[in-house]
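Before anything else, here's the structure in question.
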Amino acid sequence: MAGNTFGEMFKITTFGESHGAAVGVVVDGVTPGVEMDEAYIQIQMDRRKPGQSSVTSPRKEYDVVRILSGVFEGKTTGTPLFVILHNHDMRPEAYNEIQHYFRPGHADFTYLQKYGFRDYRGSGRASGRETAARVAGGAVARKLLEKRGVQVLAYTKEIGGIACRSFEEQAIEQNAVRACDPAAATEMIKKVEHLAAVGDSCGGIVECRIRGVIPGLGEPVFDKLDAELAKAMLSIGSVKGIEFGSGFAAASMLGSEHNDEMSAAVVFLTNHSGGMIGGISTGQEIIFRVAVKPTSSISIPQQTINITGEDQQIRIEGRHDPCICPRIVPVVEAMACLVLEDQYKRQAAMLG
Amino acid sequence: MAGNTFGEMFKITTFGESHGAAVGVVVDGVTPGVEMDEAYIQIQMDRRKPGQSSVTSPRKEYDVVRILSGVFEGKTTGTPLFVILHNHDMRPEAYNEIQHYFRPGHADFTYLQKYGFRDYRGSGRASGRETAARVAGGAVARKLLEKRGVQVLAYTKEIGGIACRSFEEQAIEQNAVRACDPAAATEMIKKVEHLAAVGDSCGGIVECRIRGVIPGLGEPVFDKLDAELAKAMLSIGSVKGIEFGSGFAAASMLGSEHNDEMSAAVVFLTNHSGGMIGGISTGQEIIFRVAVKPTSSISIPQQTINITGEDQQIRIEGRHDPCICPRIVPVVEAMACLVLEDQYKRQAAMLG
Amino acid sequence: MAGNTFGEMFKITTFGESHGAAVGVVVDGVTPGVEMDEAYIQIQMDRRKPGQSSVTSPRKEYDVVRILSGVFEGKTTGTPLFVILHNHDMRPEAYNEIQHYFRPGHADFTYLQKYGFRDYRGSGRASGRETAARVAGGAVARKLLEKRGVQVLAYTKEIGGIACRSFEEQAIEQNAVRACDPAAATEMIKKVEHLAAVGDSCGGIVECRIRGVIPGLGEPVFDKLDAELAKAMLSIGSVKGIEFGSGFAAASMLGSEHNDEMSAAVVFLTNHSGGMIGGISTGQEIIFRVAVKPTSSISIPQQTINITGEDQQIRIEGRHDPCICPRIVPVVEAMACLVLEDQYKRQAAMLG
Amino acid sequence: MAGNTFGEMFKITTFGESHGAAVGVVVDGVTPGVEMDEAYIQIQMDRRKPGQSSVTSPRKEYDVVRILSGVFEGKTTGTPLFVILHNHDMRPEAYNEIQHYFRPGHADFTYLQKYGFRDYRGSGRASGRETAARVAGGAVARKLLEKRGVQVLAYTKEIGGIACRSFEEQAIEQNAVRACDPAAATEMIKKVEHLAAVGDSCGGIVECRIRGVIPGLGEPVFDKLDAELAKAMLSIGSVKGIEFGSGFAAASMLGSEHNDEMSAAVVFLTNHSGGMIGGISTGQEIIFRVAVKPTSSISIPQQTINITGEDQQIRIEGRHDPCICPRIVPVVEAMACLVLEDQYKRQAAMLG
């Protein structure tokens, strides 16, 4: 297996299981001479961590960022930047039971099939814990993108069937579900709290907007910008789909409706394409949505089989997120940052 | 730019523009000693070519397959297998006009932005013509997958808002739109013919099922099977979204609904996951859908700008597909075959 | 197998066997907007082809360059540039005999071991014929390097134990062995003609100098400039070793002798390092030498085994090069050009 | 920059500077279910560390191996295995002076040229300290190779012009220079001690033998086994050349001498090729030699320039290795192990 590196010219390599000693990330291809410190990365880590509200897991992950290489006197050196996040609040004994059966919706069964062996403690490498390393690596990319004038913004668009009716950017980080509509957010929180109380969970939709991108990013024909973003997003554990611009709605539109006409005044009159045509950025806002499945860990009784293949009824206890959307928001942003910075560097190489 | 290679252990590299001399593909990583001939690949090429019915472009692409290396005495040698497809029926003069402006929905603007220069003849490298090389490469993968007992099947699920109500596998290749419901197919054809007559176009949804896959394929955490399939599909020109299993519907489901419970009798009681959990195949049928946008070339007048930035009204004449879904079906299959064969080889490497 | 692509940001993918229909190369990552034509590439092809003198094989390879994609109106487009070289003067029947045994020094045995199957006609993919595609791809890189002011020059330093005593650059392309000393060249030619007459062969040393390189190229810690050059050179069939600057002589030098001291006037007072320190170019001339083994095909009787494992005496007839050095010179240059252009693009990505 | 990952299917990514907090390695693609522990890796770390004898630096690097992921209950899980080595005995103040000038033979000048910025403490990323991470990663590969029956053995062949006259395998780890001839070792040690006393240094030659390799490893045409080994070895800081089998001596041999004839009894009668033909292993012992330059840090006065470009005389004080050969031996082995394990996995993928 060798699927733990992401990116071509700007790339991250991650390691770590949920109940091992640490997770971490090596960031390779960092532009030298850029100011970088632990505090900057810490901000993103804090957005991802559990225990922030009633709608997320009460589990504690302090995730104190430590940079062990690649920064000297407050600036990147161009050599690999390494961030380690030591694990805390591990209770591996809480997982003693789950080594004996497969939890529905979890990767227990598939990891055993793939490796013939698994670290069953809290899902091991398949745990959402793994995304902490992505967020740390993404924060490095975010810093470089800031200098390019690029802004990456994700937020909850829908949870449990409740959709945002407005887009109020300043509201996003002010509510526990990171929704772009504070009124909808209140309903969402109520719904999620109810589901948590009855031991169930729900999914949602996260939307992402990227602004300030130059036209010309993306590498046809296989490494198109949307193709790379799609891979990045589907590599996140709970994501089941992605759509760009009009997305699935484009399937029932006419060409005369969907085509983004152009004019001298504003370049593009509409943005059905989502900011990319032919896999290359147009310079408009890039916009996409991802479908997030309901959290697999629920305490409602479920039918499953144990590792010897026998039927078994289970109830999963523990400190789980009834809806993962608010915590997936910074992960979506991190992955988008990684793709963008890589594409900027690939464009520089092509012209360079 | 270096985005014209796809795959890790089984990989294709393609070249060619729509109105150049040829398109072609180098397939590297082919298992040696497997029977392979031009006729086998030709079958897939013929499924993709235009001019098959009233719903596709009347343009002729004969696409006579020629294997120039990598096969000896009817068997693969393990060295690069090269297929060339010479272009015919080129009428570059038909494109003289389009060098002066940007066609809405086309990559004219973005290619110029990226490269500072473009081959304007029939979209050049951004043309759907490029997918011919993918289908040839995918046919090689398909042959290897056949020996593994894997079957890849795509078909039209919806066109212009008309959805299939039944799944009749044997009907797919019997109707001009490759729909899985012959009754819906009749309606779809009627709609597409009407749109062609008025110079408009429409989009649709293509679904793909992959059967016979072993459990254990996919490379966490970034090269998950669904992540690789997502990249593969979004790299196809007209695709605007993808969803696996329940997909976007999962966003409004509860965990207790969405989790695929297990039983000793059938292993999984449902398949909301679409055949993958944690990015690894479960051994169930893999199922996903892609959203296809309406064809960009329409003869209805459109507003655009010319290359000097002035407003202009245009009408695109030519021999275009009013709906690309039936011709995208073999491309979706080809890309899925490429991903699957690559993942089989990566799994062999991991264990080997 | 997937070892037929070379380079990261500027890369070539080659295909083709010696007695198949063609060899060719896809060049991906070409800077757009650069003048390129078949005549420019043809010059390098002609330097490599056999039949140029008494010291090379009388076999004919016309190698007429045809660019089938990636160039439009005389300029590169940034999309894959494809060059095909059709094979001529194939006499596969001449190889009927060699399918039954393993020729000493040839890859007959190892290809069969690796693939369980081999294209025995003229060594198939293991033939020196494969290097024609490298030279075509290298010519594209050379063109880009010319615009950067970089010059890559290789020549014969030693053949059959006869070493050049002087370095006369203008003499190199004036003698049949491409030696940098015309007096030594005369002796070398005499020796090679004698060996050809008695059915034997000899090896030699080829030296390469690269001028005009900016300081800063090379990607520590694994993709150092010397590491990439070493891989490039050892990937050429007959090369058995490489040394940079002082090379193996450094093993018996003192630090006080070997260190290149620096001065304000000339930056470096000496160049024992060969133009790279820490795997990064210093801006000095890059200099390295490769050891070339004697051609394996000799008509003197040899002891070997046949494919069923029995002892056999053989004599290899045919039209072989008694010394491959003069024809390896353009291949060494081509590979060096590929490495350099790739490293320029990687440096642009790092800073970009 | 993105040159800190090595390998395709079995790969390592390293980070860390000599005077930062730690160096470390992520190993991706590890076969699951193999016994692995810190003690096994520690053995190789201890062979590399300084302070072992009078011929190495008295500097202390304890290099206590800590595995933080990828091993569960004493076995590899197939997920990334991470090893961290915390730095000790750092005296960055000892390097305050060197920030102002360029040390001859060191990468001070080239790192500044490349990155516009450098971590001057003890050479930063260009320090030999970086190889500790390679040795840790190589130990993981070595474990997997042991199970395949492959043995990798390196040793000093020559130091300061004194060459081994015999090959006594059991003597290698018994003498301070790791020479294969104990009598020569005594002379070498005397010479190195003398050079240390006068503040000078010397180079040498390290030879490596790999036994038990199956025939068929190596990926033509670019990723040949010898090409990959050459890149691996030249990526080590002090290495200036490599030769396989007869190597540079082949340049003055005849084809009738150099060809390895074959016989039914022993397969190959000789091994001039060094165990590879056409870049693929023959199944014989693989043998190569690398040229090691004299250590750059010497206390004899040297001429150089400072960072503002003015001439300056310097003397480098500190605790340096007068000859790096004995400590390069485990690094050569580690890199060879990494290449071999990767090639085994690539061969499995090709056939799988």
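The chains carry the letters A, B, C and D, assigned in the order they are written, with residues numbered from 1 in each.
Basically, a residue touches a chain if its C-beta (ideal position, glycine included) is under 8 Å from a C-beta of that chain, and two chains touch if they have at least 3 such contacts.
For clarity, every value in this text was computed on a predicted model and none was experimentally measured.
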Touching chain B and also chain C, the following chains: A, D
Comparison of C-D and B-D (more C-beta pairs in contact): C-D
Homomeric contact chain A-chain D: same or different residue positions, threshold half: same
Where chain C and chain D are represented by their mean Cα positions, the distance between them in whole Å: 27
Separation of mean Cα positions, chain D and chain A [Å, integer]: 39
Inter-chain centre distance, chain B versus chain D - centres from mean C-alpha coordinates, in Å: 46
Multi-chain contact residues (two or more partners), chain C: 1-5, 8-9, 14, 29, 32, 78-79, 114-115, 125, 220, 346-347, 349-350
Complex interface listing, chain C residues touching chain A: 8-9, 29, 31-32, 78-79, 220, 344-352
Sites on chain C touched by chain B in the complex: 1-5, 7-11, 13-17, 20-24, 26, 28-30, 32-33, 66, 68-70, 72, 75, 77-82, 84, 114-119, 121, 124-125
Touch list for chain C against partner chain D, complex: 1-6, 8, 14, 102, 104-107, 109-111, 113-115, 125-126, 130, 158, 160-161, 195, 200-205, 215-224, 226-235, 237, 240-248, 250-264, 267, 269, 273-274, 276-283, 291-298, 300, 302-305, 309-311, 346-347, 349-350
